[in-house]
Amino acid sequence: MTITLKAFAAAAEACGFRDREFDVPEGDTVGDLVDLLAASYPGLLPMRTDLLIAVNEEYSETGRRLADGDVVAVFPPVSGG
Amino acid sequence: MTITLKAFAAAAEACGFRDREFDVPEGDTVGDLVDLLAASYPGLLPMRTDLLIAVNEEYSETGRRLADGDVVAVFPPVSGG
Amino acid sequence: MVKVTLQKEAINTQAALAGAGTDADGAILAFIGRARNFSQGREVLRLEYEVYEPMAKKELEKIVGEAVARWKVTHCIVIHRYGTVGIGEPSILIAVSSPHRDAAFQAVRYIIDTVKKTVPIWKKEFFADGEVWVSERS
Amino acid sequence: MVKVTLQKEAINTQAALAGAGTDADGAILAFIGRARNFSQGREVLRLEYEVYEPMAKKELEKIVGEAVARWKVTHCIVIHRYGTVGIGEPSILIAVSSPHRDAAFQAVRYIIDTVKKTVPIWKKEFFADGEVWVSERS
(Lines give C-alpha, C1' and ligand atoms only; values in the text may rest on other atoms or scores of the structure.)
Protein backbone atom coordinates (compact mmCIF):
# COMPACT_ATOMS: atom_id res chain seq x y z
CA MET A 1 0.00 0.00 0.00
CA THR A 2 1.07 3.60 -0.49
CA ILE A 3 1.28 6.38 2.04
CA THR A 4 2.30 10.02 1.74
CA LEU A 5 5.27 10.85 3.93
CA LYS A 6 5.98 14.37 5.12
CA ALA A 7 9.06 15.58 6.98
CA PHE A 8 9.55 18.93 8.72
CA ALA A 9 12.33 21.11 10.08
CA ALA A 10 15.48 19.18 11.10
CA ALA A 11 13.79 15.92 10.05
CA ALA A 12 13.24 17.27 6.53
CA GLU A 13 16.89 18.30 6.32
CA ALA A 14 18.01 14.88 7.56
CA CYS A 15 15.82 13.02 5.06
CA GLY A 16 16.40 15.35 2.15
CA PHE A 17 12.70 15.50 1.29
CA ARG A 18 9.60 17.21 2.61
CA ASP A 19 6.96 15.22 0.81
CA ARG A 20 7.06 11.87 -0.96
CA GLU A 21 5.10 8.72 -1.68
CA PHE A 22 6.24 5.62 0.16
CA ASP A 23 5.32 1.96 -0.35
CA VAL A 24 4.85 0.03 2.86
CA PRO A 25 3.95 -3.63 3.44
CA GLU A 26 0.34 -4.32 4.37
CA GLY A 27 -0.07 -4.48 8.16
CA ASP A 28 2.90 -2.26 9.00
CA THR A 29 2.64 0.06 11.98
CA VAL A 30 3.82 3.63 12.43
CA GLY A 31 6.76 2.23 14.41
CA ASP A 32 7.75 -0.07 11.54
CA LEU A 33 7.74 2.91 9.22
CA VAL A 34 9.97 4.97 11.51
CA ASP A 35 12.41 2.04 11.77
CA LEU A 36 12.50 1.81 8.00
CA LEU A 37 13.04 5.55 7.67
CA ALA A 38 15.84 5.62 10.23
CA ALA A 39 17.57 2.80 8.35
CA SER A 40 17.17 4.60 5.01
CA TYR A 41 18.11 8.07 6.27
CA PRO A 42 20.94 7.81 8.82
CA GLY A 43 20.70 11.59 9.40
CA LEU A 44 17.55 10.83 11.41
CA LEU A 45 19.41 8.66 13.93
CA PRO A 46 20.55 11.45 16.30
CA MET A 47 16.95 12.65 16.67
CA ARG A 48 15.41 9.17 16.47
CA THR A 49 14.14 8.96 20.06
CA ASP A 50 12.68 12.49 19.99
CA LEU A 51 10.84 12.20 16.67
CA LEU A 52 7.12 12.91 16.75
CA ILE A 53 4.70 11.27 14.36
CA ALA A 54 1.35 12.45 13.08
CA VAL A 55 -1.05 10.41 10.97
CA ASN A 56 -3.61 12.39 9.01
CA GLU A 57 -2.75 15.50 11.02
CA GLU A 58 -3.21 13.93 14.45
CA TYR A 59 -0.43 12.82 16.78
CA SER A 60 -0.06 9.07 16.65
CA GLU A 61 1.34 6.27 18.80
CA THR A 62 3.91 3.97 17.17
CA GLY A 63 1.57 0.98 17.52
CA ARG A 64 -0.99 2.39 15.10
CA ARG A 65 -1.51 0.29 11.96
CA LEU A 66 -1.05 2.20 8.71
CA ALA A 67 -3.74 2.32 6.04
CA ASP A 68 -3.47 2.92 2.32
CA GLY A 69 -3.52 6.65 1.58
CA ASP A 70 -2.49 7.74 5.10
CA VAL A 71 -0.55 10.98 5.37
CA VAL A 72 2.27 10.40 7.85
CA ALA A 73 4.37 13.30 9.13
CA VAL A 74 7.65 12.98 11.03
CA PHE A 75 9.18 15.90 12.84
CA PRO A 76 11.34 16.90 15.81
CA PRO A 77 9.90 18.38 19.02
CA VAL A 78 8.06 21.57 18.20
CA SER A 79 9.50 25.00 19.03
CA GLY A 80 6.88 27.57 18.07
CA GLY A 81 5.56 30.47 20.08
CA MET B 1 -0.94 70.40 68.15
CA THR B 2 -2.63 70.57 64.79
CA ILE B 3 -2.86 67.90 62.13
CA THR B 4 -4.47 67.85 58.70
CA LEU B 5 -7.13 65.18 58.42
CA LYS B 6 -8.18 63.74 55.09
CA ALA B 7 -11.06 61.36 54.44
CA PHE B 8 -11.78 59.43 51.25
CA ALA B 9 -14.59 57.53 49.58
CA ALA B 10 -17.21 56.13 52.02
CA ALA B 11 -15.22 57.57 54.93
CA ALA B 12 -15.47 61.07 53.44
CA GLU B 13 -19.22 60.64 53.00
CA ALA B 14 -19.57 59.40 56.60
CA CYS B 15 -17.55 62.29 58.01
CA GLY B 16 -18.96 64.96 55.76
CA PHE B 17 -15.54 66.40 54.98
CA ARG B 18 -12.57 65.51 52.81
CA ASP B 19 -9.98 67.78 54.30
CA ARG B 20 -9.85 69.67 57.60
CA GLU B 21 -7.56 70.83 60.36
CA PHE B 22 -7.87 68.98 63.64
CA ASP B 23 -6.49 69.81 67.07
CA VAL B 24 -5.20 66.80 68.98
CA PRO B 25 -3.65 66.56 72.45
CA GLU B 26 0.13 66.28 72.59
CA GLY B 27 1.18 62.61 72.74
CA ASP B 28 -1.92 61.19 71.05
CA THR B 29 -1.54 58.20 68.79
CA VAL B 30 -3.18 57.37 65.47
CA GLY B 31 -5.49 55.01 67.39
CA ASP B 32 -6.56 57.81 69.74
CA LEU B 33 -7.42 59.96 66.76
CA VAL B 34 -9.53 57.26 65.14
CA ASP B 35 -11.40 56.74 68.44
CA LEU B 36 -12.08 60.45 68.58
CA LEU B 37 -13.25 60.53 64.97
CA ALA B 38 -15.56 57.55 65.42
CA ALA B 39 -17.10 59.26 68.45
CA SER B 40 -17.56 62.53 66.55
CA TYR B 41 -18.82 60.96 63.30
CA PRO B 42 -21.11 58.01 64.06
CA GLY B 43 -21.38 57.33 60.32
CA LEU B 44 -17.86 55.88 60.59
CA LEU B 45 -18.91 53.21 63.09
CA PRO B 46 -20.06 50.55 60.58
CA MET B 47 -16.68 50.71 58.82
CA ARG B 48 -14.66 51.30 62.00
CA THR B 49 -12.81 47.98 62.06
CA ASP B 50 -11.96 48.11 58.36
CA LEU B 51 -10.67 51.68 58.26
CA LEU B 52 -7.15 52.17 56.96
CA ILE B 53 -4.93 54.99 58.14
CA ALA B 54 -2.06 56.72 56.41
CA VAL B 55 0.24 59.30 57.99
CA ASN B 56 2.11 61.52 55.58
CA GLU B 57 1.12 59.26 52.68
CA GLU B 58 2.37 56.02 54.23
CA TYR B 59 0.22 53.33 55.81
CA SER B 60 0.44 53.58 59.58
CA GLU B 61 -0.12 51.37 62.60
CA THR B 62 -2.53 52.67 65.24
CA GLY B 63 0.27 52.85 67.84
CA ARG B 64 2.14 55.57 65.97
CA ARG B 65 2.46 58.85 67.89
CA LEU B 66 1.19 61.90 66.00
CA ALA B 67 3.35 64.96 65.41
CA ASP B 68 2.36 68.54 64.78
CA GLY B 69 1.71 69.10 61.09
CA ASP B 70 1.09 65.43 60.26
CA VAL B 71 -1.25 64.69 57.37
CA VAL B 72 -3.50 61.83 58.47
CA ALA B 73 -5.78 60.09 55.97
CA VAL B 74 -8.62 57.71 56.86
CA PHE B 75 -10.26 55.55 54.26
CA PRO B 76 -12.05 52.23 53.68
CA PRO B 77 -10.35 49.22 52.05
CA VAL B 78 -9.18 50.19 48.58
CA SER B 79 -10.99 48.98 45.45
CA GLY B 80 -8.99 50.21 42.47
CA GLY B 81 -7.81 48.31 39.43
CA MET C 1 11.04 52.28 30.61
CA VAL C 2 9.45 52.12 34.04
CA LYS C 3 6.57 54.53 34.49
CA VAL C 4 3.48 55.02 36.62
CA THR C 5 0.69 57.39 35.62
CA LEU C 6 -2.57 58.43 37.26
CA GLN C 7 -4.79 60.24 34.81
CA LYS C 8 -8.32 61.40 34.25
CA GLU C 9 -8.10 60.97 30.48
CA ALA C 10 -8.91 57.76 28.62
CA ILE C 11 -6.05 55.25 28.41
CA ASN C 12 -4.39 54.96 25.01
CA THR C 13 -3.56 51.26 24.92
CA GLN C 14 -1.81 51.43 21.60
CA ALA C 15 0.56 54.21 22.68
CA ALA C 16 1.34 52.41 25.94
CA LEU C 17 2.18 49.18 24.11
CA ALA C 18 4.17 50.89 21.38
CA GLY C 19 7.02 51.60 23.79
CA ALA C 20 7.15 48.09 25.26
CA GLY C 21 9.95 45.66 24.58
CA THR C 22 13.62 45.97 23.75
CA ASP C 23 15.29 43.67 21.21
CA ALA C 24 16.33 41.45 24.12
CA ASP C 25 12.74 40.90 25.21
CA GLY C 26 10.99 37.75 24.11
CA ALA C 27 7.72 38.52 25.88
CA ILE C 28 5.29 41.38 26.33
CA LEU C 29 2.28 40.94 28.57
CA ALA C 30 -0.44 43.56 28.81
CA PHE C 31 -3.34 43.52 31.25
CA ILE C 32 -6.31 45.81 30.79
CA GLY C 33 -8.91 46.15 33.53
CA ARG C 34 -12.24 47.48 32.29
CA ALA C 35 -15.50 48.77 33.66
CA ARG C 36 -18.07 45.95 33.47
CA ASN C 37 -21.75 46.46 32.71
CA PHE C 38 -23.08 44.14 35.42
CA SER C 39 -22.30 43.82 39.08
CA GLN C 40 -24.15 41.53 41.47
CA GLY C 41 -26.96 41.14 38.97
CA ARG C 42 -27.52 44.85 38.44
CA GLU C 43 -26.74 46.90 35.38
CA VAL C 44 -23.90 49.33 35.95
CA LEU C 45 -24.17 52.61 34.04
CA ARG C 46 -20.71 53.96 34.81
CA LEU C 47 -17.94 53.90 37.39
CA GLU C 48 -16.27 56.64 39.31
CA TYR C 49 -12.82 56.24 40.79
CA GLU C 50 -11.67 58.40 43.66
CA VAL C 51 -7.94 58.61 44.27
CA TYR C 52 -5.66 59.84 47.04
CA GLU C 53 -3.30 61.05 44.41
CA PRO C 54 0.14 61.56 45.94
CA MET C 55 -0.12 58.43 48.08
CA ALA C 56 -1.56 56.33 45.23
CA LYS C 57 1.35 57.33 43.02
CA LYS C 58 3.85 56.42 45.75
CA GLU C 59 2.20 53.05 46.37
CA LEU C 60 2.09 52.28 42.66
CA GLU C 61 5.76 53.15 42.35
CA LYS C 62 6.59 50.84 45.25
CA ILE C 63 4.71 47.96 43.62
CA VAL C 64 6.32 48.51 40.25
CA GLY C 65 9.76 48.88 41.85
CA GLU C 66 9.29 45.56 43.65
CA ALA C 67 8.14 43.82 40.46
CA VAL C 68 11.07 45.17 38.43
CA ALA C 69 13.60 44.17 41.10
CA ARG C 70 12.12 40.73 41.71
CA TRP C 71 11.47 39.56 38.16
CA LYS C 72 14.02 41.70 36.31
CA VAL C 73 11.46 42.89 33.82
CA THR C 74 12.84 45.38 31.33
CA HIS C 75 9.84 47.56 30.83
CA CYS C 76 6.90 48.25 33.09
CA ILE C 77 4.13 50.76 32.53
CA VAL C 78 1.12 51.17 34.78
CA ILE C 79 -1.64 53.65 33.96
CA HIS C 80 -4.62 54.00 36.29
CA ARG C 81 -7.55 56.23 35.50
CA TYR C 82 -9.66 58.14 37.98
CA GLY C 83 -12.87 60.13 37.71
CA THR C 84 -15.67 58.82 35.52
CA VAL C 85 -15.00 55.64 33.52
CA GLY C 86 -17.64 54.49 31.04
CA ILE C 87 -18.62 50.84 30.55
CA GLY C 88 -16.07 48.98 28.42
CA GLU C 89 -13.39 51.61 28.97
CA PRO C 90 -10.05 50.59 30.48
CA SER C 91 -9.58 51.67 34.09
CA ILE C 92 -6.06 50.26 34.36
CA LEU C 93 -3.37 49.16 31.95
CA ILE C 94 -0.28 47.21 32.97
CA ALA C 95 2.31 46.47 30.30
CA VAL C 96 5.47 44.53 31.05
CA SER C 97 8.20 43.15 28.85
CA SER C 98 10.99 40.75 29.72
CA PRO C 99 13.44 38.36 28.05
CA HIS C 100 11.39 35.29 29.09
CA ARG C 101 7.65 34.97 29.52
CA ASP C 102 7.52 33.61 33.03
CA ALA C 103 8.85 36.87 34.50
CA ALA C 104 6.25 38.90 32.61
CA PHE C 105 3.37 36.71 33.83
CA GLN C 106 4.56 36.81 37.43
CA ALA C 107 5.15 40.57 37.39
CA VAL C 108 1.81 41.53 35.82
CA ARG C 109 -0.12 39.26 38.13
CA TYR C 110 1.72 40.60 41.17
CA ILE C 111 1.10 44.19 40.12
CA ILE C 112 -2.64 43.90 39.51
CA ASP C 113 -3.24 41.81 42.66
CA THR C 114 -1.24 44.24 44.81
CA VAL C 115 -2.79 47.36 43.27
CA LYS C 116 -6.17 46.03 44.36
CA LYS C 117 -4.91 45.61 47.92
CA THR C 118 -2.77 48.62 48.69
CA VAL C 119 -3.22 51.54 46.29
CA PRO C 120 -5.62 54.16 47.72
CA ILE C 121 -8.15 54.25 44.91
CA TRP C 122 -11.85 53.55 45.41
CA LYS C 123 -14.45 52.53 42.88
CA LYS C 124 -18.09 53.50 42.97
CA GLU C 125 -20.67 51.81 40.77
CA PHE C 126 -23.60 53.84 39.48
CA PHE C 127 -26.90 52.10 38.78
CA ALA C 128 -30.17 53.46 37.44
CA ASP C 129 -31.50 53.58 41.01
CA GLY C 130 -28.48 54.42 43.11
CA GLU C 131 -24.76 54.11 43.66
CA VAL C 132 -22.53 51.96 45.80
CA TRP C 133 -18.88 51.92 46.85
CA VAL C 134 -17.31 48.66 45.80
CA SER C 135 -15.77 46.58 48.51
CA GLU C 136 -13.09 44.16 47.35
CA ARG C 137 -13.31 42.42 50.71
CA SER C 138 -15.99 40.05 49.47
CA MET D 1 -14.89 36.05 19.06
CA VAL D 2 -12.75 32.93 19.03
CA LYS D 3 -10.25 32.82 16.20
CA VAL D 4 -6.98 31.17 15.25
CA THR D 5 -4.79 32.49 12.45
CA LEU D 6 -1.53 31.33 10.90
CA GLN D 7 -0.04 34.01 8.72
CA LYS D 8 3.12 35.08 6.99
CA GLU D 9 2.35 38.78 7.37
CA ALA D 10 3.35 40.89 10.36
CA ILE D 11 0.93 40.76 13.29
CA ASN D 12 -1.19 43.86 13.79
CA THR D 13 -1.43 44.00 17.56
CA GLN D 14 -3.71 46.97 17.61
CA ALA D 15 -6.27 45.40 15.28
CA ALA D 16 -6.21 42.17 17.27
CA LEU D 17 -6.83 44.00 20.55
CA ALA D 18 -9.48 46.28 19.09
CA GLY D 19 -11.98 43.42 18.93
CA ALA D 20 -11.31 42.12 22.45
CA GLY D 21 -13.77 42.47 25.28
CA THR D 22 -17.51 42.71 25.54
CA ASP D 23 -19.18 45.05 28.02
CA ALA D 24 -19.40 42.13 30.45
CA ASP D 25 -15.60 41.64 30.43
CA GLY D 26 -13.59 43.16 33.24
CA ALA D 27 -10.24 41.88 31.99
CA ILE D 28 -8.26 41.69 28.79
CA LEU D 29 -4.89 39.97 28.78
CA ALA D 30 -2.61 40.04 25.76
CA PHE D 31 0.62 38.09 25.37
CA ILE D 32 3.08 38.90 22.62
CA GLY D 33 6.00 36.58 21.91
CA ARG D 34 8.82 38.27 20.03
CA ALA D 35 12.03 37.37 18.27
CA ARG D 36 14.93 38.09 20.63
CA ASN D 37 18.31 39.38 19.50
CA PHE D 38 20.41 37.03 21.63
CA SER D 39 20.30 33.30 22.15
CA GLN D 40 22.85 31.34 24.16
CA GLY D 41 25.24 34.29 24.02
CA ARG D 42 25.11 34.70 20.26
CA GLU D 43 23.54 37.51 18.30
CA VAL D 44 20.46 36.40 16.39
CA LEU D 45 19.90 38.17 13.07
CA ARG D 46 16.46 36.81 12.32
CA LEU D 47 14.19 33.83 12.86
CA GLU D 48 12.43 31.54 10.48
CA TYR D 49 9.38 29.56 11.45
CA GLU D 50 8.38 26.44 9.59
CA VAL D 51 4.80 25.25 10.01
CA TYR D 52 2.83 22.10 9.21
CA GLU D 53 -0.09 24.26 8.35
CA PRO D 54 -3.28 22.20 8.46
CA MET D 55 -2.17 20.28 11.54
CA ALA D 56 -0.89 23.41 13.31
CA LYS D 57 -4.23 25.09 12.77
CA LYS D 58 -6.09 22.03 14.13
CA GLU D 59 -3.84 21.85 17.19
CA LEU D 60 -4.22 25.57 17.85
CA GLU D 61 -7.98 25.26 17.59
CA LYS D 62 -7.94 22.37 20.07
CA ILE D 63 -5.92 24.41 22.57
CA VAL D 64 -8.13 27.46 22.22
CA GLY D 65 -11.26 25.33 22.45
CA GLU D 66 -10.00 23.79 25.68
CA ALA D 67 -9.12 27.19 27.15
CA VAL D 68 -12.51 28.66 26.25
CA ALA D 69 -14.38 25.69 27.70
CA ARG D 70 -12.31 25.47 30.86
CA TRP D 71 -12.06 29.12 31.83
CA LYS D 72 -15.20 30.45 30.10
CA VAL D 73 -13.28 33.26 28.46
CA THR D 74 -15.43 35.37 26.18
CA HIS D 75 -12.94 36.23 23.52
CA CYS D 76 -9.81 34.44 22.41
CA ILE D 77 -7.60 35.32 19.48
CA VAL D 78 -4.36 33.55 18.63
CA ILE D 79 -2.21 34.67 15.71
CA HIS D 80 1.02 32.82 14.93
CA ARG D 81 3.39 33.95 12.23
CA TYR D 82 5.54 31.75 10.05
CA GLY D 83 8.31 32.43 7.55
CA THR D 84 10.89 35.08 8.36
CA VAL D 85 10.42 37.10 11.55
CA GLY D 86 12.76 40.01 12.21
CA ILE D 87 14.22 40.82 15.64
CA GLY D 88 11.69 42.61 17.84
CA GLU D 89 8.75 41.53 15.69
CA PRO D 90 5.91 39.57 17.27
CA SER D 91 5.87 35.87 16.37
CA ILE D 92 2.71 35.12 18.34
CA LEU D 93 -0.12 37.13 19.82
CA ILE D 94 -2.67 35.74 22.26
CA ALA D 95 -5.51 38.01 23.37
CA VAL D 96 -8.16 36.85 25.81
CA SER D 97 -10.95 38.65 27.57
CA SER D 98 -13.16 37.47 30.41
CA PRO D 99 -15.45 38.85 33.12
CA HIS D 100 -12.79 38.28 35.84
CA ARG D 101 -9.04 38.47 35.55
CA ASP D 102 -8.12 35.09 36.94
CA ALA D 103 -9.68 33.28 33.99
CA ALA D 104 -7.77 35.45 31.54
CA PHE D 105 -4.42 34.81 33.24
CA GLN D 106 -5.02 31.06 33.40
CA ALA D 107 -6.18 30.83 29.80
CA VAL D 108 -3.35 32.87 28.27
CA ARG D 109 -0.72 30.99 30.25
CA TYR D 110 -2.23 27.65 29.29
CA ILE D 111 -2.37 28.60 25.62
CA ILE D 112 1.22 29.81 25.28
CA ASP D 113 2.64 26.89 27.30
CA THR D 114 0.66 24.35 25.29
CA VAL D 115 1.42 25.96 21.92
CA LYS D 116 5.10 25.47 22.70
CA LYS D 117 4.52 21.78 23.40
CA THR D 118 2.09 20.55 20.79
CA VAL D 119 1.66 22.85 17.79
CA PRO D 120 3.81 21.69 14.85
CA ILE D 121 5.82 24.85 14.29
CA TRP D 122 9.61 24.98 14.37
CA LYS D 123 11.89 27.93 14.91
CA LYS D 124 15.31 28.36 13.35
CA GLU D 125 17.72 31.02 14.56
CA PHE D 126 20.04 32.66 12.06
CA PHE D 127 23.42 33.93 13.23
CA ALA D 128 26.18 35.72 11.32
CA ASP D 129 28.02 32.38 11.07
CA GLY D 130 25.29 29.81 10.78
CA GLU D 131 21.81 28.69 11.69
CA VAL D 132 20.32 26.34 14.21
CA TRP D 133 16.95 24.72 14.87
CA VAL D 134 15.76 25.67 18.31
CA SER D 135 15.03 22.85 20.69
CA GLU D 136 12.61 23.71 23.50
CA ARG D 137 13.62 20.50 25.25
CA SER D 138 16.43 22.24 27.13
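Read from first to last, the chains carry the letters A, B, C and D; within each, the first residue is number 1.
Keep in mind that, in the parts below, a residue touches a chain if its C-beta (ideal position, glycine included) is under 8 Å from a C-beta of that chain, and two chains touch if they have at least 3 such contacts.
Computed from a prediction, not measured in an experiment: that's the story for all the values here.
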How many steps does it take, at the fewest, to get from subunit B to subunit C if each step moves to a chain that touches the one before? 1
Any chains in contact with both subunit A and subunit C? D
Based on mean C-alpha positions, I'd like to know which chain lies farthest from subunit A. B
When the centre of a chain is set as the mean of its C-alpha atoms, what distance in Å lies between subunit C and subunit D? 23
Taking each chain's centre as the mean position of its Cα atoms, how many Å separate subunit A from subunit B? 73
Cα centre of subunit A to Cα centre of subunit D, whole Å, reads 26
For the pair subunit B and subunit D, the C-alpha centroid-to-centroid distance in angstrom is 49
Name the residues of subunit B that each touch 2 or more other chains. none
Give the residues of subunit C that touch two or more other chains, as numbers and ranges in rising order. 33, 112
Each pair of chains that touches, named by its two labels: A-D, B-C, C-D
Within the complex, subunit D is touched by subunit C residues 13-14, 17, 21-38, 87-88, 90, 99, 101, 104-105, 108-109, 112
Across the complex, what residues on subunit D touch subunit A? 33, 49-52, 54-56, 58, 80, 91-92, 112, 115-124, 133-137
Subunit D contact footprint on subunit A (complex, rising order): 6, 8-10, 50, 52, 54, 57-59, 73, 75-81
